[in-house]
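Both complexes shown next keep chain A, but they swap its partner, so chain B is in the first and chain C is in the second.
The block that comes next holds the complex of A and B.
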């Protein structure tokens, strides 16, 4: 492709759909084209924004080092603003016009599932950054994902409960998408760990007082622990109300609130709350012997230096997607879609921000429960518990 | 029985805030026939400005007073630059302007502050007080006392001062009020300032319990509006009773029936009021002559 054509395309894109291309101008022939449809703006921008920044940072770093297989990488990013229809349109565009040989993206489960048929038809590998297990179950030949699932968070919590001899629990969940989905997953796998949900309550995403619901849980005889699947400010208020009512059984929060902000909002009430979280969030707390220590520390350092923002697990998912793809291309010694797909599926022992990835023809995520660490909040900070 | 007492504490605290929002609605409605849907944003501003001034290093009491003053200025600006310019338009147009103002204020707050949730420290610590097996936060008592104080002050002012009489006169008949020399426009401006102040106080009192963010106003306005409808639009005692009843209904509904329908209760109450007693509990029946 000539430089002139590249310029025209860039102008057309900028003028047309408000879409974004990476700052890389067209290189000489032979560049490797990597596509990304992300929810950079809109309600899911907390996912898409760090993902875009991460991909751009990694591509830039790799190009500065001479690129991949001696060829420059051209990253083409489109913003679907969280809209599944827009995502599908951009997916078609990436495949038919930009002719990308791989795609990393799909910030939400909705946008991912909308794009899956396009990539399956075109036979181009697609590494999704969204949470739901439905993306890789049943296994689709061309689709992979890097984030852990809500089910795994539930399993991690149940594993911890089992260790402590807890079998009867109460649950209070948010009615937002995240809370609902995780609640369903938890109820689904509870039986496997011999755990019985004695009482269930819910609250709206904007609710400001959960004492009535928690009073009912408190009064339910036999409850040995409480799980609160939720996202945003809800879990912080639940935690405050929990202490206000003087409930003494352990409180488990979800990975949805694994951020410093939760501790700030819940204040002293957060003391003793447990939750599963990715290693990335506790990078500095990991022992040096931890296999993930190096990668999470490095990524945290690079990302905060580059963007001036704290890391999130979402950007980490994009980091993992990029490096799994990069290593697959290196092994395949070509960016040929079919060969790269086969190599992605053979990924073994990749140590990323989300855990150690071992893919197989029947597992296109490749993470196990070691992806999560069990944390307890002590003295206003995370502590690793074993 | 302790659980019933717990539901009551919870309902009273939330209800006191609804009552203050409803009172803000009532003051403006009486003075100008306008339902000000930016009322919830006053609550948001009260909380958010206090949070950010406190973060900037101001002591909490000074941050709180400054937040009230700034919110009052916003209320006056809303009147001067939006409502007053559109005087002569119908009530519906002006109500739509207030909805626009509410969206505008939310947008500005998003840019000036941020999109995250924030908390304020509780005034007297966060160790709950245990009464009869139920637990109440000291801050809930602060909210209740603050609401009671505001209500008392408003009623005293309306009952005992010339200014209050002027507000009352304007509410009763604007033309007649103007004829006897009451500066009606200034009285309406005053009602916006007062409503803004009440909203801001509600916001900063309740933030230590409920947390705040740029978009808490929408739900506050809806709940406050439901409370004002229940009590009878335009009736100050009605606003208080409506707010407290709504808070109690939500908390007992969530505790005894199902927490799934907690937010639906407010809307059921609006519908029920409109069907059964459109003038509300304390409202006067209005007959319009054709």
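The block that comes next holds the complex of A and C.
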């Protein structure tokens, strides 16, 4: 008797499960599945955390407005904790199990490059949020990216130098990953702008005094300006030492220190220093005529309201990735992976937080130097240099 | 049951049977990939378990040897045009040689000192892989050319599942044979009491060194397999400090001195993070809790503790 009861119950359960699984595909048809593998925790969480919050915020907002093509978006986020191996496993999971039709993510260059083969094999569009140029050069059919590159920051600086008639420079760079990468990029493109690096110095990420290196630069005859590629506290110390030594030639910092914290750390010594930065950081300073004014102000407002935290360019990259994908789906009128990929590649004149994006079959990033603004520090605040 | 687990051929046969039938239950490549990762980490954990569980020596830098194996196949194939298999063997040789060279001075240390010395070794390997960007592609890693065998390009996770399963079975057979050999008995003697072992004529230093080299080769082969499976490797993902800690956790969790334990430990640490993603923000918390609970309830590791329970129940 009891066995029989157990049997019926089990049967009923099985029938119920069957009904659920049968209903699932019909329901899934109504959803557009968007995948994201981000480094939400771990050493790269300063990238992944704002990216995740931004994507969730944007998906929620769009779903509240009725979704995309009348279908709800289901965002599936996995945290790779900065581990390339885990990222690759999650990428396989998104493709094989969740069956996403597009992917935004890959917070770091390492995790992105680890996931690229999976998306190329599966032929699903992949919009990366990582910096390195290797992601889109050589162009990979299914891979795009939204952030600007270090090379572009160098070019922006050199462009400004050219305007000022500077041709001979000194360089002092941090030996951390960021400083090293940007230093290499700058040296690589200097020739294109007719700029000659007369003298180079470097410092460790935890050094507390750069006077000896700067003295060498000061004593080098003919140096007309100095660039300091670096991240964290190093550039602030360089800036202070620079003034203490009474060096008068212009000092250029990198986009790596484009935060209020840098001005606070360097104090009055930062007066007159210039650096390239994304429009997002100076949203309120942009003139109303600026094409990016609207989007950066809106995103800043939404993000700070939603999370209670200041905006970062990293969250902005996720914002741009999401909207580029969204507009591509709207144009394609389907979430079919191949059609959406074609439309992403045709993105023209998309105004995002990172700049104006014009993609092409040979350019899967689509940003030009206008993505960066040249800023000068005056009276303890940023000013736009024209 | 207990006798079955004790019999090494029963263990090997059982493992081979499980590994061969599992794919029938795999609905997609994702499962093949996770299972292949279990095999690969199990291989590395078995090697480390020989060192920790039998010879009683700690290594906190074992992922360094995985890194050597991984970068050997990447660099060997892309810069020297070596065949993948040859590059893998070369990597194993390099890892073994390095273990041999640094093993002699390092293994004279004991306890915490040994742990710190191996930690340093692991960090050094990881730093070299990160900084020699000209060879290794730096912190962003490098692509691994696909392995070609008999005119076929091996790339699917299902293919690599089969290969890694074969490697695991082979690794288990070798490890079990080693444990049953005079070397294995000498190792256990060292583990129980170094002084006693020395008194009865065991060349402690030589045995320790031998086992260190063997475990390094296990890790290197596992690293090579991981590189082939992924097609792209990074220094942190292969040789990072956290990877070393993960390997040690696998061994301790599964059970020191148990080959099956190493496999179970690897399976737990690879599968749990995947299974726990449904809990979103709480996944890391839950993973920690499960590991803690496992260590409290099964203090000698999953397999040895369960074996002891079985024995207790049978008596």
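By definition in this document, the second predicted complex is superposed on the first by the 357 of 386 C-alpha atoms of A that agree within 3 Å, B and C clash if a C-alpha of one lies under 4 Å from a C-alpha of the other, contacts with A are read in each partner's own complex, and residues count from 1 in each chain.
The rule we apply is simple: a residue touches a chain if its C-beta (ideal position, glycine included) is under 8 Å from a C-beta of that chain, and two chains touch if they have at least 3 such contacts.
Everything numeric here is computed off the predicted structure, so don't read it as measured data.
Asks: Which partner does A:96 contact after superposing on A: first (chain B), second (chain C), both, neither?
Replies: The answer is second: A:96 touches chain C but not chain B.
Asks: Please work out whether A:261 is in contact with chain B alone, chain C alone, both, or neither, and reply first, second, both or neither.
Replies: first
Asks: Just to be sure I read the superposition right, which of the two partners does A:83 touch: chain B = first, chain C = second, or both, or neither?
Replies: second
Asks: Could you look at A:334 and tell me whether it touches chain B, chain C, both or neither (first, second, both, neither)?
Replies: Neither partner.
Asks: Touch test for A:236: chain B only (first), chain C only (second), both, or neither?
Replies: first
Asks: Which holds for A:219: it touches chain B only (first), chain C only (second), both, or neither?
Replies: first
Asks: Check the residue A:358 against both partner chains and state whether it touches chain B (first), chain C (second), both, or neither.
Replies: Neither chain B nor chain C is touched by A:358.
Asks: One more residue to check, A:211. First (chain B), second (chain C), both or neither?
Replies: first
Asks: Does any part of chain A touch chain B in one structure and chain C in the other, and if so which residues?
Replies: None.
Asks: Tell me, which parts of chain B touch chain A in their complex?
Replies: 3, 6-7, 9-10, 13-14, 116-119, 126, 128, 130, 135, 137, 206, 209-211, 213, 216, 219, 251-252, 254-255, 259-260, 262-263
Asks: Quick check on the complex: what are the chain C residues that touch chain A?
Replies: Interface residues on the chain C side: 28-30, 33-34, 37, 138-141, 143, 155, 157, 226, 230-234, 236-238, 240, 242, 273-274, 277, 283-284.
Asks: Where on chain A is chain B touching in the complex?
Replies: Contact set of chain A toward chain B: 175, 201-204, 206-209, 211-213, 215-216, 219, 232-233, 236-237, 240, 243-246, 261, 264-265, 267-269.
Asks: So in the complex, which bits of chain A are touching chain C?
Replies: So the residues of chain A touching chain C come out as 41, 78-79, 82-86, 88-89, 92-93, 95-97, 108-110, 113-114, 116-117, 121, 132, 134, 177.
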